[in-house]
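Chain nomenclature is as follows: A, B, C and D, assigned in order of appearance, with residue numbering initiated at 1 for each chain independently.
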């Protein structure tokens, strides 16, 4: 069987970085080929070359045996390649249908056929099991729903090759399962699928073959059966990662640090919980369950309209992130690029942002705690890898960016950190490092609220898990809970007998 | 348009020395030449409403003028029910709409227009002429339909007065720097072409002709640049005097003697002239013509004969001998002395002066 | 991923600095070539004196540009300052200092309005300051009746006019040059000597991220507009001093100030730039004006050349940064 | 991308702004007319006069809407309007036989300017503010320099556009109406329109979706220039002969941007439309007419207009949760 896609000898350098070095990659018809690798290994770059966004410095691409040269994404699309990119690329002010048909509108002599597009959009959304009105504005959708729109967009083309670059990063368990079913169906139709994910269980569940990239080079390609998880991780990271999740704390939690009573706003109702010193409290929930809104309320970004928050026994009002910061609550937002990073500023400046923002206006920007060597020490401690901490943070890989933001809050010496999707799109080694940091932060007598749609992550790292459903806390689970337990509460089945929870 | 019309040059030169007709000492009510038009058909009894479509108040000359016009209107409270002033902010298009709205509004008994641009306003004025008596002043329109067109002698006259004065003070081969406001405006272009003709004839070299946009800082910088070039500047000729003192300051700052200069009738220039004993002249484009517009409109509605179809006003220049008469310490720096407004109600406060 | 050393941001800033400086040096060399006496310290000082208003405006504009905005109202503020000074002082030298204080208060008020409207009413700064430009200009003209009123005494005029002669080494020293030095030093200190500069860059780069990191975004923006207005007042005082009262003293200066910052390498919409972008950008632009004057080209064509240079300067820096990526 | 909206809402939310704004404008006009006793302004002729005030600004603003929607901006329209008006009168020299050639040459010039603007922005990567400021300066300079030789007047027959009419409705209004409808149709119903919204809303996303974003940006600039050309031709017809200053004096650059934004098109691009823009133009026209009836002093008018621009944008901007700069 000729490969549907075969890339050989692909190399690509960016200033200062050799992103790909002589990489070979192929994919057969009706095959799911997963690519794994650390952040910055070159996965997305390889796919962007396939999609015509970048031109390779060297190497050739063949589709079903014919060599192609793409200079614009349009050509790749016309050649039957469809890509779900890692970054969302939607139009916030336009409807779902208009987004799905972006660049491929149904038109006759330049005139749009809107009705046809609406129909087709509804059909596509139905196919992926998304209950989204094609007439809705994208800006009114949650990130997860937007991701589903992206997927529908990719299916529009009837492509022979579909690339999915971390399609489930923003999806919850239910959304991910629907997607995996969809992938199976596509495979059955003979579509070739390139699947990129940092979630090992997914990869193991659907991949036919797995390719590992490391530092821009291919390590190996193997059938799934010949690639146990341990091997994969070793190939990616270059060492064994045995104790992936940190050990639970040895001593019981201390006094209550943070307590919320009757917290209510447009998105959440009557939430109440406490976080004690030394505790990591997880918050689980499906999309639109209000877990994100809870985090925003805790940091004053979308405050509670009623209810009380007490910090170390004292009631506080948090109406803006700055107030929360001053009160000792730090925030690691879920959307790194949009909410976390000043992309064109240096790693150092990003790490110092909060400290400098909370200092007196006339403080010297390089003085005392802001001195380069002090913050460099902290960055190094957190193992942020950059050639020079003076370089723009936008040039770092996601994991290193995330670590730099964590350093921002560690430097600020907050009491409570609210982490939203702390490891979204982050490779396995960096994940382990972040978990380690979270644990030791809690162990030093402080508290963490971690909001995540990654259930294994919550199970592994949280001391307690609050599960949300429709804006309310539908239950609380101690350490050791299973995914089934969480799903049960997340689906709002708490009052019903524990049965089948697969949606 | 031809900005160098020998016939017009000659005509204006003659007008400059012509003896005006009309009441002595009231140049705004005087006129040159004999043409009169009959206006009996416009006669209207009782109180009247006069409408005025103004091009704008985008320079001090027009500000002083508008004050003149308003003050003149106050003199006629008994006859004048209302004076409606509409400002076009320097936009031709808006002025056309303004005129159309005034005419269709039906309130106006007579219309005064100070056109922003000659050609542009012609159709609108033509349309208005059919409905009511129209009086145009300052810039004209390309039609004979207005009852009369009020204006002083004109641009050539201005250039002749200033050019001849400078030529008379300089030797052949001397250098003059010409400072102009901006290109493309007929009344300004003709000032320059007239002066240039005279300089060429007298063998005086125009070392440069620069546009200042009536910006003082720019003017001063330009003159400094000429001084820094090491060029000797014997005289400065200007097509408008707003920036005359700025030009003189450039010489002061460089420690050079003042040049011979032609400015205009603004107070700051006159004061400087007086205190520094300059060799200077202040030709004018008198703002009293704004008074004439109201006078003419009322005369027309009275059915009186008025000078026309062109009402040419005298265009005096301020010279050494009459300088003292025009300096008025109470007035703001850019007040135009030939406003003919000293006797008008509200002088000097209405014009920004101190009591 | 083999990491090759990246150009550090400090080096990147150095490149930006050199861009403005290089353009300035080239243009000034051209001036000197045509008119060698411009190399004398006296004429150079005079050049600086005349460039002073633009240079100061550019420094203020830079603050706003760094935070991602524009300030179109500075020219109008400068005009207001000139007219107001003349009306309020009205020739009385004793009133000068008190009036200057008042002028700064007025300027700060305009800056605050700009900042508050942008930060809280969420009106884009280009529209907000277009509005305040009209508003301030209208107020200034309404107040003065549309023409200059009052008078400026010598002690006020000296701020823009006074030149000390017989100064060692440089020969002459205009007071305006001392004002520039002081203002630039202050502006530099604001961006590099306090944490404000880093906050402004972060806000210009990604306001949402800055907000979530605890940065007082609104205050940072408002301060930028206030600094910009203060620079406009300072420039207005120098303008009034240099050349006296007029109703169009500040006309068009806002766009020149923006152009200066951009020529100097600051990035519109925020996040990149240093005080040297403003300083050397303004000097370059002013050198260009002077050069065109000296060349004696028809005035009109000077506009065209200015347009060409503007596009070329920005195009060149675009091209350089593309090549780097 | 925002996540502020609560429920997946309906798509068409652009309409209310335009209707609200139009309603307010008309209301203002009517109330003022009644209050000042100028009832005749409410007659057919009065209304036509009001609408006629929209034509010149309306035409440029439609074009401006296209570029702003695509995420760019055009500051060169004012200079281009002057250029077209001057060129049209020069070519025609009053000769009706030259009407068609003149129109074609003028539109050719606009096409060229649009292509240059578009190329600088889309392919050169130059910030559109700077690029179009530059081209505007270039055009303005060339125009002023050559005005001496570029004089003339349009043909009488050509002036019919501005002064003739059908059943009491001036042709110029019909022209504006037809072109507005056409522009609205293009934006809403055609491939080109969809691409404009895509490129403005998310340029990277649009590129990844296979859209040749550069071409779309370039085309939008061409559209803007052509509409500026239409405005210039209309002005030439109305004014009989163009001067190099009509565009600048009309402040068509900043005003067209202001009305577009007032009409709800966001400066970042990707949201808005022609209906809102026209409502913004109507607001300006009503203000002009209303202030005339009220006899508002010229300078006060400017103050009010500044405040109204800010307020009109604030009304809908204040609801945005995103940061603006």
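Here is the rule we use: a residue touches a chain if its C-beta (ideal position, glycine included) is under 8 Å from a C-beta of that chain, and two chains touch if they have at least 3 such contacts.
Here is each chain with its UniProt name: A = Sugar ABC transporter ATP-binding protein; C = ABC transporter permease; D = Autoinducer 2 import system permease protein LsrD.
As the structure is a prediction and not an experimental result, all values here were calculated from the model.
Fewest steps needed to get from chain C (ABC transporter permease) to chain D, stepping only to touching chains, is 1. Two chain pairs are in question, A-C and B-C; the one with more C-beta pairs in contact is A-C.
With each centre defined as the average position of its C-alpha atoms, the distance from chain A to chain D rounds to 43 Å. Note on chain placement: the centre of chain B and the centre of chain D lie 35 Å apart, centres being C-alpha means. Each of residues 338 in chain A touches at least two other chains. In chain B, the residues touching two or more other chains are 57, 183. Residues of chain D found to touch two or more other chains are 144, 147, 298-299, 301.
Inter-chain contacts, as defined above, occur between A-C, A-D, B-C, B-D, C-D. Those residues of chain B that touch chain C (ABC transporter permease) in the shared complex are 57, 59-60, 62-64, 67, 183, 208, 210-211, 213-217, 219-222, 224-225, 228-230, 242-243, 245-246, 249, 253, 268, 332-335, 352.
The part of chain A that touches chain C (ABC transporter permease) in the complex is made up of residues 14-19, 21, 40-42, 215-216, 299, 301, 320-322, 324-326, 331, 333, 338-346, 349-350, 352-354, 356-365, 370, 387-388, 390-392, 395, 408, 412. Against chain B, the residues of chain D that register as touching in their complex are 38, 40-41, 43, 45-46, 49, 52-53, 56, 144, 147-148, 151, 153, 159, 163, 235, 238-241, 243-246, 249-250, 288-289, 292, 295, 298-299, 301.
Those residues of chain C (ABC transporter permease) that touch chain D in the shared complex are 67-69, 117-118, 120-128, 130-139, 141-142, 146, 204, 207-208, 211, 217, 221, 255, 258-259, 262, 268-270, 298-308, 310-311, 314-315, 318, 322. Considering their complex, residues 120, 124-127, 129-131, 133-145, 147, 254, 257-258, 261, 267, 297-307, 309-310, 313-314, 317-320, 322-325 of chain D touch chain C (ABC transporter permease).
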